[in-house]
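Next, two complexes with chain A in common: one pairs it with chain B, the other with chain C.
The block that comes next holds the complex of A and B.
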């Protein structure tokens, strides 16, 4: 007999009150933020500083609110105000909150009834929809929260879960990668534009793109005109987040139509189909609100004491160097950060996150380092983030330096600044570095013994500092174009100009510079650990000696695609080195190498050599290192032998090579001193050596493979 | 802006011609046309967008719905989108499942 009871609708989707002309009811406390529900929108917001909260509603693009709905106190659960408002046209809706401060306001509370604050959980922000379009500065509500459709047809897309040790990371600025007129894409400087360059990335061989900040930020933050040049300077890099749940609209070709979420997901799908992971650079160490003189956008106006590290008197601690410090280990903020990353991992299929100035996340509310920081532990053990790469820039601007000691919980990896510094100094010819270099290229066991090589993100260049081309072209930084008197940017570049500061038409110096760049790429891509390259290094991109291009939305920063042809030799070399790394798993094991013969080949897994085999020169005058790797071949049939030698000396040397089993000889795969195409040969075309010896040229590096004689 | 969708057939091709703005207010009419087209014995569904002036996020979802409703062996073609519509289509991942034809 059929049931008489038919449930047609939910029993909680009708208004119980009318406020400001809208039907409303007590909302669902969870989830936080604004959520589409049948017939309306559910708003939920936390504020421990509020006596009252109003939801302020705007018709899209309207300057003045169309309604302000005070949330009845009876709708509050704890410190969370929640209300469901019916009859809203969510596609054209913008919203915010107005906070009435508690009568017993605490030192540090900065609620202001005259300010409409944005929703920290907003999935879309309106206000900077098209990059660089001057906003209406008289509009008091600059960054307007909006709702987004959350339905996605992922068409079977899943995170790629590439083993960390198999990654080759490519760090790039989303806009800068395709903004240059030479890019030839239909939508320069956008998510759609990056999609058009996926074939280039595939051809290069990288399998992970790490994007500089793509959470919504204000490119006009600290924007100014360079008084010397008249050039407009922007907040170009984006290390100043406005909204942690929203992709930057100005990076979308469809941002003007509010479709940045869909376009970004489109990018993720396309990258994954190409076998490329996507990592996001996330900036939870501070926000765009700055110090007490900065704008109140969201967190400050909601609950300043909770969201920021404050002194007992209510002033901002500044461990980020930007004016404020996000209070990551506060339980509420911790929940916010974890929720945010869960959101990106689950709703955008992001494969990993790199945390800017991550040591700040190890501090308590007063800035003291924590032995067991709950935020870092939570992230490392979160079930949604379990397969995500978590990478820490393990230092901050307050003096914490934790490379090798960042609380890892068997999950976190680190940008290995020691690797960067050692390799740079070795390349320029500093003495006494052979031992340190050996430790670095073997995966930095002194730093990461407990975690394996997967904990080490090896890099020589990144967005901070010189590009690879500039590393070999300049001794000193040249940041005059930043308008700060060349006082910004690192002074500790460990660079060498090869004999002339800046561009030169001296062919010897030009050849040396190319060779030095190849040397750097060779060392990076034959080291254990996870290599990270800076976009443009593969084609010799220069920033004219500027090592801090954070404010330049111009050709100074943009990837110049004409270099693909102009520096085809270097690009070919980079491609070849990435291919070589992929072909030889012994170079990318997740474990630190041992002195044991793991594969029964008669040689230890790793061994060190100098001009003579088995006799490395660890002395202060040593500038040459040979390393022999023995591991499994990809097909697993017989052992794989590689010999890598790096000569940073200004003289060539005769190398005596370690012996190989009978029937084998060494074949030259790479020699950075040789002109292209002999600098790197295709697999299977290694040039066999008749003798167990090789002349390694000054300031060059080689890779030899054990081949059948 | 108003919306109008008409369904016609010619041989084994069904065509839905869209006029105006496809958004959350108009997508129901479009979806109904798609559902009718899905009952026809056709090998191709053409969405003529030459007269479609606006396409919102809801409209994109309606188009995705069209692909989902049609049998896998039916080619879905987006024909002659105007510039604003074309840019909006960029946001959607239709490249492998639909053809965009000028």
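The block that comes next holds the complex of A and C.
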């Protein structure tokens, strides 16, 4: 029989000391950060570089502290300074730490008692509560730590655990997705705004939203202006984290009220109810503190030697290209990163993480690649993160390129840069790529043989680089508006403008561009591996040839919702291709295909073809590839036959098709050369072919299905 | 800790519905008072209408006490509705997801009618239950 629960007072409810007018007692060392405890708040912070630590308390919004409480050295355990302060109104409290430098400071230590630093474990940050509102630059404490309520009514929500191979990832910018006036949402550019667009995402058919960084960052962390207009430029993308445990307040309609945590959780719940996972782009390779000339916000003021990779002289290694490099394989920093991701997985029900410049996480504290990087192993085997997708951008700015060789520990997937480059080059008509294209379409077994197709995040476009529309509209980047003399962004775009640089009234070129975009979507969504598409590509969103829009909080970057109507043809095609992928499990297997007959149909699981069946053209002049997939249908026992052909040649070709069993024929499901709506038909409306042949148009792609004749 | 605007709690009974009018700020300072006042009423009145039209400021703590009252009411088989949400307050509640939990009426008379009708129709489940 269960005993009756009885609440009793705790024996540690009472202060043992009074400091600065507040009752305090020795704090709990763990957990780090500020934690609500009965009657007070427990503060715990690590600093191995400090001679002393003070907790600095502010009434919300007040420039000057209301109290400063030195942590008695007797409260320190190891290098952790912990104190419980009683009688605080935690909802209206802002806090930070003042760090006293040691007399015997090491090279690289940057403690500065004149600066108040933010708590690395802060769950809420105030100071940038409403996007774009000019901060009070004279305020010496810009990013103020706050406490968050951790009581949540999840209403039964939990991470969705969709099998990785079944995902269709949709990469988007939280603000940019609904900021455009055409979005029509009540709260543009916010978590709440995205909720209003969930029906659109459902209708499109994607089942995973990947958000560019949403950890608190400073949108004002950019001093450039647009040279053409004089407009201020921002850190719009947010790849420069200020606080790793705090959702960006400026992305919340309720940020001014400090409710960004609630609003973000509401978004997660709504996405999950719609069957859509949420993946976060996380940036653990560097922080917003920059190099020697950057601001002291938190880490460098606490313990610079611990949190950053430093040269023996105390300068910052710069493998991130942004000034500093986070020291992820230091045990203390590793624990910090693991704790942060556990927090997001458990307290926000995040389904997965994409790691920006993840190869940095493979380096030791001097920058050398590790054979067995403990951080990556810890994340891959963490009990809380077991079901989370972990995706690496498997390169860094220091030249470490690990696509296909990133230490995966049977968990990590990678952004497959090889897939992007091969498909782009094939699409623009480069010869000699048919063999490589076949490898990419089949899940890149050359890169991930032991890991399966789940390791390959296939993408043709992402936030970094041209959008799909720009990929078929521009040969060269046009980044002048970034204020860097067009020197930023990649020069290696593998794009083709279809005959005219930029927008044109030429209807032939316009039609070709639409077709090329459809070709790209068709290849992406019929490839094994996990497809990822960039938000807006489904409606032909342009960035006007700018392949590095990190600084533009403007229509140049924002999703233009008028395109949903204007480019309805392309949207319909993207919807149809996602639906087709969902209907044919053979396209989504987590294993690489084999040359064996897996379903007893007389054909191998995958086979390659050219103008004549079973005769692929692997030659340097080859620009056409046919692939036949044979697998199980989701229902029934009859095998599923798909034939996909991609012709990047500027001439049409007559295809002889592989034979089908008696009683079946090929039916045309997709032909990108046909005008809409004949370009893609609804399931069951495939057009049967009377002959076992098909004329594939120049620069087009087709999908044929085996149907009853 | 900033200017404190005390919350005032006023109670009345209309058509057997307990109408609780809150005036001031609903925040960390006031949640204890509001919670105890409303909870003391619930066992005696199965229908409670929270009038927030005079609430000037609502914080995360304030939202939580509203939700707590709503949940408590559900456990006690009491119907709870809110009325008098300003446009700003409604937007905050909506964006943060709290609005999904509440029955909301536009006026006190509408709220009373809603609760009385709920009792009559025996439809007291919260919207998201």
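The rule we apply is simple: the second predicted complex is superposed on the first by the 699 of 709 C-alpha atoms of A that agree within 3 Å, B and C clash if a C-alpha of one lies under 4 Å from a C-alpha of the other, contacts with A are read in each partner's own complex, and residues count from 1 in each chain.
To be clear about the criterion, contacts are C-beta pairs under 8 Å (C-beta built on N, C-alpha and C of every residue); 3 or more make two chains touch, one makes a residue touch a chain.
As the structure is a computational prediction, the values presented were derived from the model and not from experiment.
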Put chain B and chain C onto chain A via the superposition and say whether they clash or fit. clash
First (chain B), second (chain C), both or neither: which does A:61 touch? second
With the two structures laid over each other on chain A, which partner does A:501 touch: chain B (first), chain C (second), both, or neither? neither
Looking only at contacts as defined up top, I'd like to know whether chain B or chain C touches more of chain A. C
Could you tell me if A:565 is touching chain B, chain C, both of them or neither one (first, second, both, neither)? neither
Under the stated touch criterion, which partner chain does A:292 make contact with: chain B (first), chain C (second), both, or neither? neither
After the superposition on A, what does A:651 contact: first (chain B), second (chain C), both or neither? neither
Answer with first, second, both or neither: which of chain B and chain C does A:155 touch in the superposed model? both
For chain A, which residues belong to both interfaces, chain B and chain C? 89, 91, 149, 151, 153, 155, 187, 192, 252-254, 257-259, 262-263, 265-266, 269-270
Touch list for chain A against partner chain C, complex: 59-62, 66, 89-93, 149, 151, 153, 155, 186-187, 190-192, 252-254, 257-259, 262-263, 265-266, 269-270
Show me the residue ranges of chain B that touch chain A in the complex, using the header's touch definition. 23-24, 56-58, 60-61, 64, 68, 84, 87-88, 90-93, 96-97
Would you pull the chain A residues touching chain B in the complex into a rising list? 89, 91, 148-149, 151, 153, 155, 187, 192, 252-254, 257-260, 262-263, 265-266, 269-270
Footprint of chain A on chain C - complex, ascending: 1-2, 27-29, 58-61, 63-64, 67, 71, 91-92, 94-98, 101, 128
